[in-house]
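Each of the next two complexes has chain A plus one other chain: chain B in the first, chain C in the second.
Moving on, here comes the complex of A and B:
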């Protein structure tokens, strides 16, 4: 019971830190500005302004959530250990795992708030784009919602990745850069794998490369799994199996990351 | 009676750099701090004081040996439940205010909301930070941060305080405050373990001291015995009539350390005291002070390192504690 109270308190403090962080504040402001401007621009779009608006607004929320995760990880996790501010907390009668989970909870809270707030902003403005459009398709709200959840999934996975790297590295920038790397790779592993497996390459692929791609596919988080933008844009039916698989995959991957991070963190010298 | 802190053959080697070069920071430390004791932990820079303290607080892992706080191994987070800690370089979440920070810490110590609020207010008043209670820590001066650190260490009403250089960065009033706090806590029966470089604090506050030299414990015991070892020299300051010269009396055979107007200061052995004082009075002078010559902390460290004179470690073996 007590551990939960600690995780909650730590999470709330982290959330506070995130909302009070200058960099994150300016990111949020920029996000709001972007969201508004995409709506304006989409209405100038000749073809399918509604589809363009959905695409842009979802992309904005996604990039925002990811950037906030990255910077929260940098400023409120890695740097907290680098500057020793976290030592005060670790010197309290709590285990390192509780500390780590508290931080992760804070990250979840902030991401949830951001996705909810910006998702709501986008949702409220989409009907505005529709005004004056003749025979515009109706918006697939359910899919739009699932797409938001997917975005949340991606940013939380990346948050857990940052946590793992923070437990490993001693400098604050390293986890940041490595998470950025994971983000880029994680987005494309599936595409690369499919491309190679379809045998579309001009020359037959060396087995070593094939092996490497397969390892990367299973090692790095498959982030494209959480990308439901297309379904939201065109109102296609989301296969329940796909959504369920993404959910379970995300949860399992996250739990593994957290367990690894906690194990490594336990052994770490806080000097 | 049970001990507040106990270590057994505690050792720490840091691994440094890519080549994992080993730095031995602490070797076979055996320490036992009784409940209710004020214990000073001294040693030159890099002696291993902070290393020991960080092991006690579970921040770093010992390479060898074990340590306990109130009989619980330090690897168990619950060992820290009744312990307040002030780190060497306190650094706090600077986006929080002192009240918010103390609230967070209080929650982790399983304190009730109301108790936290009352205690926070009381402690911030004690360290003169009431005015800044709702200001972000970001703008705090070094001394203010140190004061907040002291308040944070006292929050849970701990039975044991582990303070790493609590006086560092404080103004004279702050130092006085910390000394007062330590005395008060001692009166309440709390145990205090602190590291310091200030000899005055050790002399006025500590029941016992432990001295570390390059990771080795060289002395545990009373500070008086360490600073005023038996067979030590004395210093006498006397006021003499005008036109007096040491050579006229047996004082002439003593070493004159300084002389200013009618005041003379000599160094002498215990055996020479009575003849010297009689000579002073016979010459119509007066004794201003007579005290054992104190070794400076530097001399003590040098002695213990075995680099200074013949006498050193041999006459400083710990009176079994």
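Moving on, here comes the complex of A and C:
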């Protein structure tokens, strides 16, 4: 069987497994509930209910997409290797790299479906919020779409991180916890680095801490690069350079993570 | 059967507890304190890429706290903490209009808070340059609390430039400039504004204010000429006629009378405000027609 066909078949199997997963189904239901609550949440706003609705729905989609990535990584990748269920496949004439890439392809498909589904639900809820509002601004649908792509970028990068840790770790929970750590660090390094560089701290920061933050900033994926929510909320113009940079950064980072994961997985002792 | 009875009993108990909670009033309610939030960088880090949502949540918390503390418990809210929270919320999302609107509502009556409130609103203006509310709020704070009509007029001019139906702002800012001894600036501003106004009714209103300001400018120049000639300002405006500087005192289009106040400034008894009497007359005329 050709490698690409194997990746495709494995990806579709992962997608089906993901859709059958009870945990993912529960998350999807919870997500729908949260998106329905947009109407209630935005009604407390004094001056900008539509902006609050966009903000809330995009944040909900982002959190759900990341949670699905994390739990999918735990259930479909790490646990499969831990319980040796994947050994059946690896016994077939396919390389470990193809197995890993197939899993990642499935993760990408599922993430794409989830972001598209929630994005559509969010998009449907926004015109409902707009009913009855006088002088409500128009929704910047293009920016809303770009913000969804940014969310997809974050969840795919975290998916690649899960894959790397799965290739490294022997326990199923460890990659999950480590990916959560990368998510926390990746979302906050830019804010912390900017804060330290602005010199706003009451006490001078130890050089070691500054060095640590700088290392974390360059080593961990900068997930705030993919945050286009503010452009969607307030209808601001997205700088094309920033969007292009985020796209290239995301692709390059993902390729590096997949290469590392494939190399480590290849060398891993599975016995 | 036992389970059913237990279920009914527990449900009844719960209903009684819920019903009796309201009768407890404030006696069994824990004290309500507003939280002190961590620094902005920590809030941003903790929001995990959702700093706009974090900003909204802080605003909601402030709003609900104020509602419960002030309206329900009838206690004095912790205003300083509220301000710090709204300041942090606008650091997280400087475009969050809810925070500015709420802050103006809370603090515009507290005179010591006006300088910090104005700084908050100026932050909003940097990020929401097309929102007329912010310069309008600043104008009100400078005019009513800081008694600075000139700065108030400048902010009102900015508000007027941002709203399509801005004739009232234009007229008000011209009045503020006059009150700040800037009659020439007020006239120039109104003239420029009238040029861009097409609505005949609005133009009529603005022309009336312009007419009053031109009359004041005329009298101010006459007072200055008198002071230059005699070495002291006139005692009254009639002195200007007596010494031949002007032939007559112009009429105030608002129905008042021009005079000099204790500081020698030209003022009018109408204060450039449409009199209630005139409105009544107009209404009566309209009804008669």
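To be clear about the criterion, the second predicted complex is superposed on the first by the 269 of 271 C-alpha atoms of A that agree within 3 Å, B and C clash if a C-alpha of one lies under 4 Å from a C-alpha of the other, contacts with A are read in each partner's own complex, and residues count from 1 in each chain.
In this section, a contact is a pair of C-beta atoms (placed from the backbone, for glycine too) under 8 Å apart; a residue touches a chain by one contact, two chains touch by 3 or more.
Remember, predicted model here, so these are calculated numbers, not experimental data.
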*asked:* Quick check on the superposition: with chain A as the shared anchor, is it clash or fit for chain B versus chain C?
replied: fit
*Touching A:6 in the superposition: chain B (first), chain C (second), both, neither?*
first
*Check whether A:154 is in contact with chain B, with chain C, with both or with neither, and answer first, second, both or neither.*
second
_Going by the contact rule set out at the top, does A:52 touch chain B (first), chain C (second), both, or neither?_
second
*Which superposed partner A:230 touches (first chain B, second chain C, both, neither)*: second
*First (chain B), second (chain C), both or neither: which does A:191 touch?*
second
*Which holds for A:44: it touches chain B only (first), chain C only (second), both, or neither?*
second
_Three-chain overlay, vertex chain A: chain B-chain C angle, C-alpha, nearest 10 degrees_ = 160
*When the two structures are overlaid on chain A, which partner does A:62 contact: first (chain B), second (chain C), both, or neither?*
second
*Give, as a whole number of angstrom, the minimum Cα separation of chain B and chain C in the superposed three-chain arrangement.*
33
*Provide the residue numbers of chain A that touch chain B in the complex, in ascending order.*
2, 5-6, 9-10, 13, 16-17, 20-21, 80, 83-85, 87-95, 267, 269-271
*Would you mind writing out the residues of chain A in touch with chain C in their complex?*
44-48, 51-52, 55-56, 59, 62-63, 154, 183-184, 187-188, 191-192, 194-195, 200, 223-224, 227, 229-230, 233-234
*asked:* Applying the document's contact rule, which stretches of chain B touch chain A when the two form their complex?
replied: 14, 54, 57-61, 77-81, 83, 85, 87, 89-96, 100, 103-105, 107-110, 152
_Residue ranges of chain C touching chain A (in the complex, touch as defined)_ = 40-41, 44-50, 52-53, 56, 60, 63, 93, 95-98, 101-102, 133
